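Could you have a look at this structure, given as structure tokens, before my questions?
A, B and C label the chains in the order they appear, each numbered from 1.
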């Protein structure tokens, strides 16, 4: 794929400052870019790098300084970058059709426009809609529905009865609908509570590699529209996640907890069960959350606190030894004063 | 499946207060239940919800208040619930038989009552006993034994020579018997120490999705009878876990550590290697444990402490800034007093 | 396999103290060993156990005390142990050949000396070199290269275009090259940034079960020569790890962070994105790292601190309640003194 800067400026709705006949063949980071590359400045603080890059052109936000390189000035460099990546690295959809080496139970329904690779298993009563791509080793249980244009990467497992929306991406090894972790007479007879609920994954969700989302004991575990979940995340039975939320790697969310819309969880956060996290809450990486959080707060730590207070605390902790020394010396000095005062 | 309350009361050994001809068709949570549903109150503090539920009947513990709904009064609502779930949502065992699309090495022994799905691989000398269910994509290495009525969900991998007991459930993506993480001349030449031990999983164990249990360097890693392990847990080489223990998601246990019986580990706990955790110990979520713990203790935090002391500490930490302010002001005031005292 | 101590002494370059005709048939830990076993003392503090072991011979470092058992004295007991394990438990490489139940795209190149099991999928333009072992359920995407004598355990997935070096071991369920977690207009429209980079895994790397290594957005994620990574680790897009580094289970490393050579990360460590960890840095288990670390430091905690200071802090934290009590009493006593002083 090749584009002149003139062509690119049109497509990206950019103002071009520079040579409109220059040719772009790919996209690279500002430090790695070479002649023929487009690069980008998403964060204005890196603008000084425009001077030293070898890229043929730089995508940049409004009102850049003068530069010796060609500039494509756009309102939002990030969304323009996405467009450019899709031009130079178009996603290749595999050809539709069901591999003769896939195993499909007789009453499963599979769209003629879906691509089903070798080694896939699709259970009784399952339904795979238009344009889906089901990679090798995927297991789709009985009565599972997969909405149009969804992609299930290799070795994904979707247990019986779960529902996957449209344009969903499940990365390799993700497990949807495994039994929730429910036992009665805990740590004695450990009686298994049958997990007879399900999982519903709404449209436009993306779920990372080896992430696990358990089915509800009763009712459903629900991942809202356009939620993005990273790798190795654990979502327990009966959890609900509101639309547009973003969950970074290795987070764990315990049973029946409800997240609102546009919640952001940093990596390795842990959240107890049966609480509510309000719309727009942001929780810093590695926090431990044991109580509900009202909408809009930014919190950190374990126990979690407002992010600013937590920053102050983080700074104080290394001063504990000094505090303890001061305290000891004060105790002595006050004793001394008290003795003298008694005389 | 339909049952009258009269029939249900008999099966669940419940005292029925209400209409014995009312018909139940399913089980739902107290907030979601509709006419025709059975629901339950496991925790007495939710009893007030009996007034507002739309369920046709409520399973409840002894001596409930009067209610307008039908009540099924039982000693233990949780175990009655389990019985009811098994009635209304009976587990469907697949038909026995070996799929022609499974690959079985010639000298593996597979019971005629086992169900082996397409895409399964079973190695030389492996043995699959009566009533086992082996889902698509499962890998069973050479000389692995799987005891009767065990279920291996899709894409489970059991490396060579491991032993799986009876009625064991391994959820999708679990890996049993991968090499322990053992290297000599650490962070220099990183010489691999061959991991020639094995893993033994005793009867009635359940292991969550994408959990990994490494084989021992020498000897065995052993998961005791009726242990329940959640998703994404890491059990390192040579670990022993005593019977009935319960391990919540994303826990990591380092090499050669021994857990007693009925130990409970909350989510995301980390435990160092070569220590002993006594019978009945409970460790709160996200704790970091670096020393052995005697039987019966309830601990929390990193470093771990008795749970009560930890609660007190958790409450103190947000008061650090105030403590530091007080300390500063005291220092000044004592200086002032000392000056005056010298006059 | 059987060896006399005379034979073993020769192979292990050991000084034999004892009966050179005694016969060894296996290796076990010092507590489990029986007659016919070789055992070892890697750490001198366990030397007293030589007196009680039932092993026929003990591998031990220089200048041991007299013992009733046969001793094989070597410079480095750990490397001698590795040799002995390889003698008594030789790794069995499967026979070369491509299973007729594997699916190989027509233009993939597979060495005649590679072993490819049933249920493997190998994509267009992929290249599998001499002596590789590809276990059941492995997915190898288009244009992936796997260097000679590498082993891919069951259900590993390697996405399109990634490069795996020589003598690499990927344990079951590992996912290489899944999309990095990159979105614009975060927690609102969550626009996916196409991840068009790749992953390069250099020679002699070992990667644990269910670990995930994401492809770069642009450029590459790179795991250096001889790096060892444990189970359930998350390596995000664009991360670089220097040679010989060792990463214990459940660690998470965020995007674009660079680790130097011979870095050691304890279990469950979390590291933010876009920072640099210098050569030889050691980070204690469960630390949270948010800033770059210069070479050679040993750190712990969150925020991380020099390991020694952190140990001191860890000891102080349980003393917080006492500190707070002292502070309260001091406040009173100083008030008292001030009152009297005013009189």
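Throughout what follows, a contact is a pair of C-beta atoms (placed from the backbone, for glycine too) under 8 Å apart; a residue touches a chain by one contact, two chains touch by 3 or more.
Keep in mind that this is a model prediction, so the values were computed, not measured.
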| item | value |
| --- | --- |
| Chain copies touching (subunit B, subunit C) - same or different residues, decided at half shared | different |
| Angle of the C-alpha superposing rotation, subunit A to subunit C, to the nearest 5 degrees | 120 |
| Inter-centroid spacing, subunit C versus subunit B (mean Cα positions, whole Å) | 25 |
| Numbers and ranges of subunit C residues touching at least 2 other chains | 119, 137, 155, 173, 210, 232, 250, 268, 317, 320, 323, 327, 330, 334, 337, 341 |
| Subunit A-touching residues of subunit C, taken from the complex the two chains share | 103, 119, 121, 137, 139, 155, 157, 159, 173, 175, 178-179, 181, 183-194, 196, 210, 212, 214, 218-219, 232, 234, 236, 250, 252, 254, 268, 270, 272, 288, 302-303, 305, 309, 312-313, 316-317, 319-320, 323, 326-327, 330, 333-334, 337, 340-341 |
| Subunit A to subunit C touching residues, read off their complex | 27-29, 32, 76, 78-79, 81-82, 85-86, 88-89, 91, 99, 101, 117-119, 135-137, 153-155, 169, 171-173, 204, 206, 208-210, 226, 228, 230-232, 244-246, 248-250, 262-264, 267-268, 280, 285-286, 314, 317-318, 320-321, 323-324, 327, 330-331, 334, 337-338, 341 |
